[in-house]
Every structure is written in C-alpha cells, then in structure tokens.
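The two complexes that follow have chain A in common; it is paired with chain B in the first and with chain C in the second.
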Partner chain A sequence: MKALIVDDSCVLRMHLGRMMQAMGWQIVEAENGKRALEALRIDSEFALALVDVNMPEMDGIECVRRIRLELPAHKLKVMMVTTEADFPLIEGVLADGADEFLMKPFTLENLRAKLQLLSLPIPSRG
Partner chain B sequence: MSHIEKEISLDEISGMRPDEAQATVRVPARVVQIASGVDIAARMMRMERVNRPSSMHRIVAEAITIKETSFFRNLLPFHLLADRIIPELIAKRQQERRLRLWSAGCATGQEAYSLAMLVHDRFPQLEDWDVRIIGTDISRSACDYARRGRYSRSEMNRGLPARTMLRYFEPRGEEWEVCEELRRMVRFECGNLCDPPATGLTTSEQFDVVFLRNVLLYFSPTERTQALAEVYARMAPNAALLLGASEQTEDASELFELVFDEEQLFYRSLQANEGSWCAGRVIASNLQQVEDGCGADEIGWTKARNEREVQSC
Partner chain C sequence: MDGGGVCTDREEVDDLTNEFLIESGEGLDCMERCLGDLQGAANNTACIAEIFRAVHTIKGSVGFLGFSRIEQLAHAGEALLAELRDDTLMVDEQLVDLLMQLTDRLRGVLLLIEERGHEGRRDVDDDASLIETLNRVAAGGRMESPSTDTVSGACETILDGDKTGSAVESTVRVDVVTLNRLMDLVDELAQTRMQFLQSEICPETFALFGQRLDCIAANLRESVMHARMQPVGHLFQRFPRLARDVAVTCGKRVRLEFSGGETELDKSLLESLKDPLAHAVRNAIDHGIESPQIRFSTGKLLAGRIELRAFHDGGQIVVEVKDDGAGIDCEKVKRCAVERGLITADRAQTIRDAELLELLFEPGFSTSDEVTMISGRGVGMDVVRTNVERMGGSVELHSVLGEGTTVRMRVPLTLAIDVRCNAGVWCGVAA
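Right after this comes the complex of A and B.
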C-alpha cells in the first residue's frame, strides 16, 4: 500500500513516514499541495494521502479540493493531519472531500485507529 | 494489574493513613497471589458499609484499575450491535419500547458514549423509545471523568470518526465536550461488578445489551464467575452479552448461549424466552468445539440448570 505524505515540515514528514513504514506502508513525500497534485497525477496507485493544512504555495484545503475536482476517479482516501482543529475548519475540509481528520499531536496508536476507521467506517447519518 | 505478589493484610491497610495505604498498594512488590486486586477492592467496599474509612476502598480501587479505553474500541462489536443485535431487539421490544445498555467496567466513559452515538445515529426510529445507557466502574475518578464528558485531543483521535466528532462534541479550548443530546442518554455509577449489593445499579435494573469487554481478563476465576453471575442476573430475556476478543464465559458456561455471527460471536443469557417454557441450550464452552465441527447448534437442548430460571417459569 502506498501513501503520500504532504507537509512542509521535513521533520513531520519523516516522523509520520516512519510510523507508516512501521505499519508496512510504502511512502512518498511532498512538501506542499502543488507537489502532491503532481505526484497524484502521474501515479494512481496511492491509497492514502496524509495532508497538512498550512503549507506554502498550495495549502491542504485547496489541495483536497483540487484532488476531488481534478482526479474524481482516483479512489484515494484523504486524511488531514494538522494542529489546527477548530470546528469550522474540520467541517469545511470534510465537506470539501477529506475522509478523516487526525489532530496533532498524535501517537502511532492514534494513527492506526484512524486508518482502521478508513477501511471500516462507523456508518453515519450526516 | 490483577494480582499482587505478596499478600497485604487488610487490617494492616485499614490501620494506615490514606497516603500510607496509597503508597503501599501502589508498590507492586506488596501486591499478591492470594487475593486479586479486585477482591481486595470488594472487601474494602464491604468495609465501607460497616463504617470503616470511606476513603480506603477508593484508594485501592484507583490503584488497581486500568482505565484503558477508547471510542468505538475494536469497532467490530459495534457493527455487530448495529447490524444484528439492536434490530433484533427492536423487533422484540415493540410493546415495551424500552432499551437498556450497560457498559460494565466503563473506565472513563468512551464506550458508553460510543453506544449512545451508535444508537442515536443508526436508529432514528428509537427517538420516542425509552433508551438509556448506563456505565459502571469501580474507580470513582474514572466515573467522575466520564460524567464530566470532556476529552483531550489524544482521546478524540482514538477511534472516533471526524464526522461523528463534529456531530456529537463541542470544542472547549483544547478539549472536546459531549453534547447534551448524548448526556441525556447516558448515566454513570460507581460500583463493583463482583459485589452485587454494590454494583451501582438499582435492584430492578435489567439490561438488553451488556458490553463487558476487556474486564474479565483482569479477574481471578472466582471473580469471573461472580461477575458473570451478576451480569446474568441483570440480563433481560433475549439480551446480548459482548465480551472482549480474548474473553469467554467458560467460568459460567451454563448461564449463556454462544451465538455466532460470521466472524464474530456474542452471548445470550439462558433464560426462559418471553412466555415460553423454561429451557436453555447447552453452549459450546469454547471455540475448539466449533472448530471440531460441533457447533452450538448441534449440541442440543437441556433443562435450565439455574435455579433463578426455574423460579422465573
């Protein structure tokens, strides 16, 4: 399984990448939303994108919108991974096409629990 | 922690100041083989009822409990509840229009709130039913935490889908608080599962669903039997019992029927069905029997062994 980690912090990319690799994932990194879109356009094998919100050039919110608009056939799961966790932001980004939201700081167990949710979601009315 | 490495005399603890007792029970080397921690706590609770220092049992209970839990922990039991158990109960409870769910050993409350979210979210037809979720735990601090209903980011990250979080929680600074809608459905009581007079439940309280997950594994065989007997006594006809993945009812196998549902299983109490004769089904006491090709359905019928069942007929 291949995941794209989108974050402008190389430390965070490395930290998250190690966690994902520990769970058997293959990792590709992108430093902003623009680079993430480029990677996704040329490779449809990604199963998951872990996307930060605040990034230069193209932020995570715009990145998610563009992914869903430009790559509608892509069966990519998108999880936002960010320090910002206010209600309107989470609501907005889920409406724009993100599948899950992981708040920083997080543990490997938190990450694993969220990945489990993406394959076995609790059905929701809303 | 279920067992201690060295026996502590109750008289020894009773004579201590609370801070001394706390230090004593928290040192693993002082704790036992003979009496498990839960047994000590049960005896402490009985001591309180005869006017011994009320703080003592709390100290022990806090020291021995593991408050490990999360929202929708392990997920699969919640799917089983939503896809099979509750729909079946809805069909059987059309007259009473009442459901009671018990999160036994609820720790800090995430399981009880998860049950409330599932019921509210998946079963809008229950809106005008009397539905209550009761969480009980021996740890008073865990119950207080659960009643407060505020969870940290780390706790929210564990198993709670983002959309569900937005639907049922409100941000309060760095924490998230359970909404009023859920609070109205859920109640928390401090009590000891192995001590029937002190379970925290009212005498007549009966349940349709019991979640007793990852609790029995910390008990001694005697305590498991006591706890299962208490759970059995609290189960309404056709009620379902869900245990943790590594737990079974082998210590009280005559009380429960094992029910298989694809990759999962749950238990039903062997009580007389509504208006029917008093009988129960002998259950497969462990999974080996099923693997050997002798499933619960092939074992046959027998008379109920439990006196309470006979009386209920």
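Right after this comes the complex of A and C.
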C-alpha cells in the first residue's frame, strides 16, 4: 500500500513516515500541495494522502479541492493532518472532499484508529 | 507491533530532534527577517502568514518530541499571530518587539536542547510572564513598554548566539551540479589509480601520472572551494534585527538597505566578516545616524539610511556599510588626536583629512562625547581593522561631514593560498 505524506515540515514527514512504514506502508513525500498534485498526477497507485493544512505555495485545503476536481477517477482517501489552530477549517474541507482528519500530535494508536475508520488495511510488516 | 514501538530507537529519536533543531532554526531566521520587513509596511499579509507558518510548524512538530517549554511558547505565539492574520489586531512597534522576544526565547531553548538534550528549567518563570503578555495582547490588551534592559539583553542574545557553532551554522548547502562535479573528479582519481597500478613503472609513466594527479588535485581543490562559496546575503540577513535593536536602544530610527547579496564568498571568510560588519553597523547607528530631532532640523528623512553593499572589485570582494548620518567631524578628530598625543598641534594644522581618518583606527580612539551602551568606548575601528586584516583584507573609511560615512572592507574571494584556477570560473559563480 502506498501513501503520500504532504507537509512542509520535514520533521513531521519523517515522523509520520516512520509510523506508516512501521505498519508496512510504502511512503512518498511532498512538501506542499503543488508537489502533491504533481505526484498524484503521475501515479494512480496511491491509496491514501495525509495532508497538512498550512503550507507554502499551495495549502492543504486548496490541494484537496484540486485533487477531487482534477483527479475524480482517483480512488484516493484523503486524511487531513491538523493542529487545533487549523481545526475551524477542517469542517469545510471535509465537505470539499477530505475523508478524515488526524490531530497533531498523534500517537501510532490514533493513526491506526483513523486508518480503520477509513477501512484502509493496516498491513503489518513481515 | 505496539503503539510505543515507533521511535524508541535512540538514534531515530536523535535524528528527528536534530532535524527539528535545524528546521526550527530556519523557521526562526525566516520569522526574524519577516519581522524586520513588517516594520516597513504596517500590515503586510504575506509577512504575517510566513511568521504564522514558522511558529505553527514549530508547534506542530514539537508535540511529537515532548519539549513542553517550546510547545507552550509556540502555542501562545500562534494564538497572537492568528489574531494578526485575521486582522483583529494591528501591527505596531511594541508588537514586533514582543514577537522578537518570542524568537529570542525560542532560540534560547533550542540552543539548550542542542547543547544539553533537554530544555532546561532555569527561565521557566520568565516563560510564564512572556506567555502571559502574549495572551494578554492576543486578547486585545496592552502591554507595558519593553524596558531597555530587555532590548540590550536581546542584542547580547544575538551576538552570543552567533558565537556558538550551531547545527545550522556548521551546515553548508551545496548545489547538485557542484556535487556531481566532485563525484566525477573522485571517479577520475580512482581510474587514474587503477591505471597507475596496472602500468609498467618507468620514469616516463611516473611523470605522466604525476601530471594527471596534479591536474585532478587542482580541479578538486577548485570544486571544493566552489562548494564553500556562500552568498553574502546570508550574512546580511542577520542585520535587520541587530540594527533594529541598536536603534531602539539609541532612540534612533534606521532603515537598512541591501544590494549585492548574491555575491559569493568563502564560508569561513563570511563568518569572519560577521563581527567587523556588526561593529560597523552598530557604529553607524550609534555614532553616525543623528537623532530624529536633529535629522528633522537638518531636513533629512527621519529614519537614517544604512546601506550594506557587496560587489566584486579587481578579484576582491568589497563589502560596504554606508550611512547617511552626520559624517565624521575632522576638527573634532584633530582635537582628540592632539589631546591624546597622537599628533602634535603643528601636525594638526597640516594633516590631510584622509590621514586624519586613519587615526580612527588607532586602538582606543573614540571621539564620542559619551560612553554608550552599544559601542562602549575603547573597542572601536581598530578591532574591525585587525579582524579584516587577519583574513587578508583591508579597511578604508570615507566620510563627508553632514552627509555620512562609509566603511569599506576589502577581502579576498577565497582562502586559497594558491589560486591557479581559471578566473572565469569564479566570476561565473559569483555573477
């Protein structure tokens, strides 16, 4: 299973990436919404995008709108990764095409629970 | 695998922390730069958005690492910045001050984490009062005007911070083209070694391989030197903050302008230029730029202008600090020089202005009537000159009474002792 992590913070990408990899996911990283769209356009294998809200160039809100608009055939689940300061924006973006949200800071258990909500398999490594 | 299984590996935690330190340091640099810009344009949406993002990112990632001091500070800062972003609060000088205090505090804690691996407990009480002020201002309350102590404290923080070689400062970003070139040269070296081992040893082959190795070594040195080149703009970026703090302490108004920031210089030379430049900027504000009242009465713009310029000149790099202040009063310099016995009264009658200005580089020479907190007395232009000469450069002073002073530092392009490389390559880099 392949997931795209979209966040301008390298720390967050590293951390989330390790959690996902520990659960057996294959990870691709993008540092803003624009890069994420580029990655999604050339690769339709992604099952999940974990998208930060506040990013330079293109923020997560715009990114999700564009994903749903430009790539309607993509069977991609989108989970917004947010802090409480972003939270007021989340309701809107859930209506615009995001499937779930995950609040920072999160534990592996939180992440696992959210993946289950999205009915995404949680393959275990090895 | 269980929930605690991720990142229990000590090494993994450490490189996450390390990445956090670098990323947060860059975020704070960006924040300081934007705060400097904010002063010029009172309500700059893009600047505020960038500052917000910097604090937001720090807060977002610190939660995973469990640094609670940083988390609390960043949280309070973020709340205040959200008010700014949403236009419920206006930017003013006090607010910029407050946010500068926040960057200082955050930087201090980052430094503690880097040095000791934990956040320290010493100033937690100060944190509480800073957080309280941030919260109060965010809620629309006023703050007490910052005391001068805080401001001068801030000056010291920047300069002390500069002395420690942090993770960020010991890192150089190198473009891939340069790295590829280095890689090619190393390949070439390895190939030459193979050929050497396989060839028959005779004086001719020896000489041939000697030549080839010379050539590779020269190219390697050139490429490494190239990789060490950094734009002077990196250094310039630090000065808006310094200038602002010094100006506040002296009760002056200053506007900093830059040109030639893309001019490149060897990283270690750039580091050595930091102190002399900082000194020149401090001097310009403290002694050069007049108080707003005086500037008003002489018909100048209230905010003094200080220009930092870098450019190529005859195989050297020139870095200038130019102010539009009062200029140096040569008569006053003469009087001081005679009083101090540096020249005789007779000599003072005949000395040319250029020679007179040279006296300012004498140790301990100061014409200021008062000892100020910023420039003090006794440590002056002599230190600037000594530092710059130590790196193989020189310093000149130009001044016109009433119009301003220029401190011009000339430094070599690189540290290379034997620069046999093609001059065109270097110019190509720096242009």
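Here, the second predicted complex is superposed on the first by the 114 of 126 C-alpha atoms of A that agree within 3 Å, B and C clash if a C-alpha of one lies under 4 Å from a C-alpha of the other, contacts with A are read in each partner's own complex, and residues count from 1 in each chain.
One rule holds for everything that comes next: a residue touches a chain if its C-beta (ideal position, glycine included) is under 8 Å from a C-beta of that chain, and two chains touch if they have at least 3 such contacts.
Here the structure is a predicted model, which is why all the values come from computation and not from measurement.
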Q) For A:I90, is the partner it touches chain B (first), chain C (second), both, or none of the two (neither)? A) first
Q: Based on the superposed arrangement, let me know which partner A:P72 touches: chain B (first), chain C (second), both, or neither?
A: neither
Q) Who does A:L117 touch here: chain B (first), chain C (second), both, or neither? A) first
Q: Check the residue A:L102 against both partner chains and state whether it touches chain B (first), chain C (second), both, or neither.
A: first
(Q) After overlaying the two complexes on chain A, where does the chain B footprint on chain A coincide with the chain C footprint? (A) 85, 104-105, 107, 109, 124-125
(Q) Residue numbers of chain A touching chain B in their complex, please. (A) 85-87, 90-91, 94, 98, 100-107, 109-110, 113-114, 116-117, 120-126
Q: Spell out the residues on chain A that touch chain C in their complex, using ranges where they run on.
A: 8-12, 14-15, 18-19, 22-23, 52, 54-56, 83, 85, 104-105, 107-109, 112, 124-125
**Q.** chain A-facing residues of chain C, complex
**A.** 1, 3-7, 12, 15-16, 19-20, 23, 50, 52-53, 56-57, 59-61, 63-65, 78-79, 82
Q: Going by the contact rule at the top, pick out the chain B residues touching chain A in the complex.
A: 70, 72, 75-76, 78-79, 82, 118, 121-122, 124, 153-154, 156-159, 161-167, 170-171
